[in-house]
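Labels for the chains are A, B, C and D, by order of writing; each one numbers its residues from 1.
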Amino acid sequence: MNLHEYQAKDIFRSHGISTPAGEVVTTPSAAESAAARAGGPVMVKAQVHAGGRGKAGGVKYCKSPAEAREKASAILGMKIKGLTVEKVLVTPAAEIASEAYVGIIVDRARKKPVFMVSAAGGMDIEEVAAKTPEKIRYHAVDVRYGLLPFEALELGFFLYSDAKLARAAARVMQQLYAAFMGSGCSLAEINPLVVTSAGEILALDGKMVIDDNELDRRPEVEALRDVSSENPAEVDARNHSLSFIMLEGNVGCVVNGAGLAMATMDLVKYYGGEPANFLDIGGSSNPEKVVNALRIITADANVKVILFNIFGGITRTDDVANGIVAAIKASPLKVPLVIRLTGTNEEIALKILAENGLNASADMDEAVEQAVKLAKGGKAA
Amino acid sequence: MNLHEYQAKDIFRSHGISTPAGEVVTTPSAAESAAARAGGPVMVKAQVHAGGRGKAGGVKYCKSPAEAREKASAILGMKIKGLTVEKVLVTPAAEIASEAYVGIIVDRARKKPVFMVSAAGGMDIEEVAAKTPEKIRYHAVDVRYGLLPFEALELGFFLYSDAKLARAAARVMQQLYAAFMGSGCSLAEINPLVVTSAGEILALDGKMVIDDNELDRRPEVEALRDVSSENPAEVDARNHSLSFIMLEGNVGCVVNGAGLAMATMDLVKYYGGEPANFLDIGGSSNPEKVVNALRIITADANVKVILFNIFGGITRTDDVANGIVAAIKASPLKVPLVIRLTGTNEEIALKILAENGLNASADMDEAVEQAVKLAKGGKAA
Amino acid sequence: MSVFIGKDTTLVVQGITGRDGSFHARQMMEYGTRVVAGVTPGKGGQQFDGVVPIFNTVRQAVEQTGANTSVIYVPPAFAADAIMEAAAAGVKVVVCITEGVPVLDMMRVYPFVKEHGARLIGPNCPGLISPGEAKVGIIPGRICARGPVGVVSRSGTLTYEVVYQLTRAGIGQTTCVGIGGDPINGTNFIDCLEAFERDPDTHAVALMGEIGGTDEQEAAEYVRTRMKKPVVGFIAGQTAPPGRRMGHAGAIISGSAGTAAEKIEAFEKCGIGIARRPIDFVALIRERLK
Amino acid sequence: MSVFIGKDTTLVVQGITGRDGSFHARQMMEYGTRVVAGVTPGKGGQQFDGVVPIFNTVRQAVEQTGANTSVIYVPPAFAADAIMEAAAAGVKVVVCITEGVPVLDMMRVYPFVKEHGARLIGPNCPGLISPGEAKVGIIPGRICARGPVGVVSRSGTLTYEVVYQLTRAGIGQTTCVGIGGDPINGTNFIDCLEAFERDPDTHAVALMGEIGGTDEQEAAEYVRTRMKKPVVGFIAGQTAPPGRRMGHAGAIISGSAGTAAEKIEAFEKCGIGIARRPIDFVALIRERLK
């Protein structure tokens, strides 16, 4: 789960990291009054779960409250990478002497949280990594010991030769690590970490991604979820324990298991089609899940055919068959349906389908090929 | 540093461990009113840094406030292992269904905190260990991971077969571990941990020993020090950074380094004398320390001779010589003085001593033998 | 022969009285796995289905039954503790089926398990099966058959798909291992390849990877430099939208974006046969078994 | 020859600009130890006494000077971190002089140092000296002489006393190691005995123990079962009052009260010569060198 900049900064602040004060507003006039309260030049920043906000025109410097109103008006409602900007953060513009990057991410290979720090902050860290990799220092933390004081200081001295700044940066490392662990992050990032002309260290922008598996035990973090900034169909799917990502194609897919779901999409492509979505109904299926899956997929006007690919293990295929039948009874499908189904309780499932005039293939390739043909306007084999 | 029972219980309580309410009082009448407020039978318990309080008559069951007054009157002022009881704890008497022992101590060999738990609580754990060692279970905690939930539950099931009690005991293990680590303990003990007839788990008595090296960084624990219950000479010594333990003999010893101090005491004994004390002036000496050491030792009327044994390494022997001279000038000694001194700045030291009519030996055995002779009323060689 | 589990496997089921645990305990027993103990704190002393003794702790289960393998069906909040309990009790192979274990938990679990000399498979995995010998986890027994192919995969149902295709074509397996798809898991491709290379009955290996991370690239390098047996590979997620979970920072660290194209290229470079579709495994493996 | 430190020792001094650090850095340099770097965060780039470069971190010091040994003179609150910093930077021998390090800190430090493959000596120790080769710590150089005796001790000034007596009697030392008197330290008697047994120039060992714990008993057992070279031992604290620090619980755990009598008995049983007084080492060692 992604957090907004302002939410990440709230968490940073609660761990002692200095960040500029700020107000989140949803209207241009509120932006104007927030800028007036700030009493100086401000930044107006789109709060949206998308990278590259700056390049997209979602971050603006404003000399006056009037300008803040004007810029907020342009930004609110703007679309960035398909997401509508609903909120902006109005925050005092800082006088910047230098910009650094500090991030922590979960590294699969090292199986540890890894710090990435660079004195070349403010820009894309991907660009720094590609062009001047020597400007990034990595440090893997052994969570059994936590971030040790000497490790934090090593990172501090990598950023600043001045001992006072290095020590202040070491403190920020400790605080960011505490925030990362304390909120169950898979990523926590300050970019840029700035030294102001007054010599103060400030987190000017912040980003946090939470491990979805942490949300059950961290209701206070789950409460930060902003569904208004997510794709409504994906929110709907999540609320029904479905893993769903919308794509551009026209073959709607309903599969059990993420690996098989991806393999199914790949096979659609292999046979010349385009998948309309990734949809994993998960391990322990029940008919209700299938009903919801069909409802969500059929809401996508692009979908020309619906393809089920179910390999029953924990998933009982009769549950899936019952779900299909129930969904169709409640609201008949307007597009053709291709079902591939095998495994646990397969015989019962086939019987249920047959009783309702549906048939199913046991072969994945056969089903996918047929679905692609139907999506192109062909007839069922 | 030892804590009193009531102090240990306060810390237990702050970590969520249930303990009976209690009041610490210093007079019999206060004990009476505390018992009246408790509203039932109470225990009156001597608060003193000595084991075996019960056997010494320092713990009494009282049916009424009047009896509490009477028993408190007997206990207050009582001497237990040489220490005067200045305070008693008045605490409701619990209805006990079973008694267990739970302790954590620092184990040198395993280099870890080790839990000791036994369902045979209430009595001396030393006795259990000697007679029925199979009734004690040990568990070493890897501090990198802390006490893991399954480990706590294993210990809980060792004490109780009932799952509810086992889980409650597991919680107590976690809380005691947190108290142990959080206060910088070398020992934390609940004896007995009782199950009341109502099925509740309670810490009925508690003991904590703090690692002296933790006190600098834990002022809140240092604040619990009760100097009234320690030997005044030892308190005086500690306040002047001297390590001092009073003994029964008559050869007063001033040595630098604990190992050499013990070896010096042993040598006193070897030559037929009895050391009056252990006194280590520590590594980095200064004249002031020596002055205080002499003041503390000469206050002991048993002391018949004072023996210095200084091997200068970090310790500068001229500092020691200056200290001796300053002390004698301020208040002349009433007992003979034998000085053994060698090492760093030895020549300067000998010169200082000679200028003040003192001489010193470079040989430890010679000095100790002479001191013993003097203590027995003999003449200096 | 087989790898990790086999005829000598004696199994303790953690969470044996739960919904998933009891269902799959029965499935495993039915398959012939020697389920010697179950663990559910508070139910110690009872019997599961009248035949399997239940204990309060894994330590008790191991002490009293000598179980050498454990399988875990407990909710995600308790999975990390359950894994560590099994490793501390002396279990040699710990298979964690539980899905949804927080990755920060796994960062503590991983070194703990290593320090205790145990092998962890999973979490978030279907477990493993050595056809005809033992099944530990949830892989359906009837889709497998005994034979010369080692199977290792990051996914669940996709594994079933491939194994099913192989079995239908008359190609059996020594052991099928689902290592799980989580960012941090106990056993990786290389661990399995190493075991298959050493197993005298395994003559070819089918490997199913996914987008994300660099495990497949490292596995490919391992195949090139250390393996004599043929390997056929597949990567799921060629059409998946990139960066929906980890974003770019992960890619920087690993020096790779973890795309399917990259992984397939690594396979090709290292002499691994490429299955474009799951069904392609049949022909490619058959060719290599000749 | 010598153990742990010698001619190849290149030393970084942590806390080189402090009161104790600067004093002893000079003493060590005077003795001939190769002090190649100092560390004081914030003074990186400066020079100590115009000859020794100062760095902000141990890592920088090691990277730029190749120091293989470190000695620590920092306040107790920072000692644990300093030890771990040295181990993480790749230093092979870390000598911590600091007194007053909390024992809970040491419980984390100990496994950390092991994991990094370093040897820790101390804390709360006088360090070590290989006469004529190198001195790391605070043992006065002039009381030592080169010769055939390995010395290991839990105490500081008592070690000086014994070494001084040996030297006065014309008996020199290969290496004198003060392992420190804290409950948890990095190197114990056995580590040193093992090293002395392997060192071709050491022909006898003098060992000074104290009351408390069971290290001396274990060392005695080691001498009996694994050592060929003669050992002479001494225990300080025969007249010390029992149980002033750890009480009885410690004794239960270790299965021993840690008394002097117990330890001397163990020495006798294992063929270790017993020095009743420090001066007795001279005769007992001389006898064994014949």
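Heads up, the rule we're going with is that a residue touches a chain if its C-beta (ideal position, glycine included) is under 8 Å from a C-beta of that chain, and two chains touch if they have at least 3 such contacts.
The structure displayed is predicted, hence computed values, not measured ones.
**Q** In terms of C-beta pairs in contact, which of A-C and A-D ranks higher?
**A** Answer to which pair has more contacts is A-C.
**Q** Starting from the Cα centroid of chain C, hunt down the chain whose centroid lies farthest away.
**A** Farthest chain from chain C, going by C-alpha centroids: B.
**Q** How many angstrom lie between the CA centroids of chain A and chain C, rounded to a whole number?
**A** 28
**Q** Compute the distance, rounded to whole Å, between the mean C-alpha positions of chain A and chain B.
**A** Distance between chain centres: 58 Å.
**Q** On a C-alpha centroid basis, what's the spacing between chain C and chain D, in Å?
**A** Distance between chain centres: 49 Å.
**Q** Multi-chain contacts in chain C: which residues touch at least two other chains?
**A** Touching at least two other chains: 108.
**Q** Among the residues of chain A, pick out those that touch two or more other chains and give their numbers.
**A** Chain A, residues with two or more chain partners: 144-145.
**Q** Taking chains as nodes and touches as edges, what kind of graph is this: line, ring, star, complete or other?
**A** Shape = other; not a path, cycle, star or full graph.
**Q** I'd like to see which chains touch which, written out pair by pair.
**A** Final set of chain pairs in contact is A-B, A-C, A-D, B-C, B-D.
**Q** Give every residue of chain B touching chain C within the complex, in rising order.
**A** Checking each residue of chain B against chain C gives 145, 148-151, 153-154, 157, 161, 163-164, 166-167.
**Q** Using the touch definition from the top, list the residues of chain D that touch chain A in their complex.
**A** For this pair, the touching residues of chain D are 41-44, 56-60, 78, 81-82, 84-85, 88, 108, 112.
**Q** With touch defined as at the start, can you tell me which chain A residues reach chain C in the complex?
**A** Interface residues on chain A, with respect to chain C: 51, 103, 105-109, 111-114, 116, 125-126, 129, 136, 138, 142-144, 181, 184, 186-187, 189, 209, 211, 213-214, 216-217, 245, 247, 255-260, 262-263, 265-270, 275, 278, 283-284, 311-315, 342-344, 364-365.
**Q** Which residues of chain D touch chain B once you look at their complex with the stated criterion?
**A** Those residues of chain D that touch chain B are 20, 76-77, 99-104, 106-108, 110-111, 126, 138-140, 143, 153-161, 164, 181, 183-184, 208, 210-215, 234, 236-241, 244-254, 260, 276-279.
**Q** Touching chain A in the complex: which residues of chain B?
**A** Residues 144-145 of chain B touch chain A in their complex.
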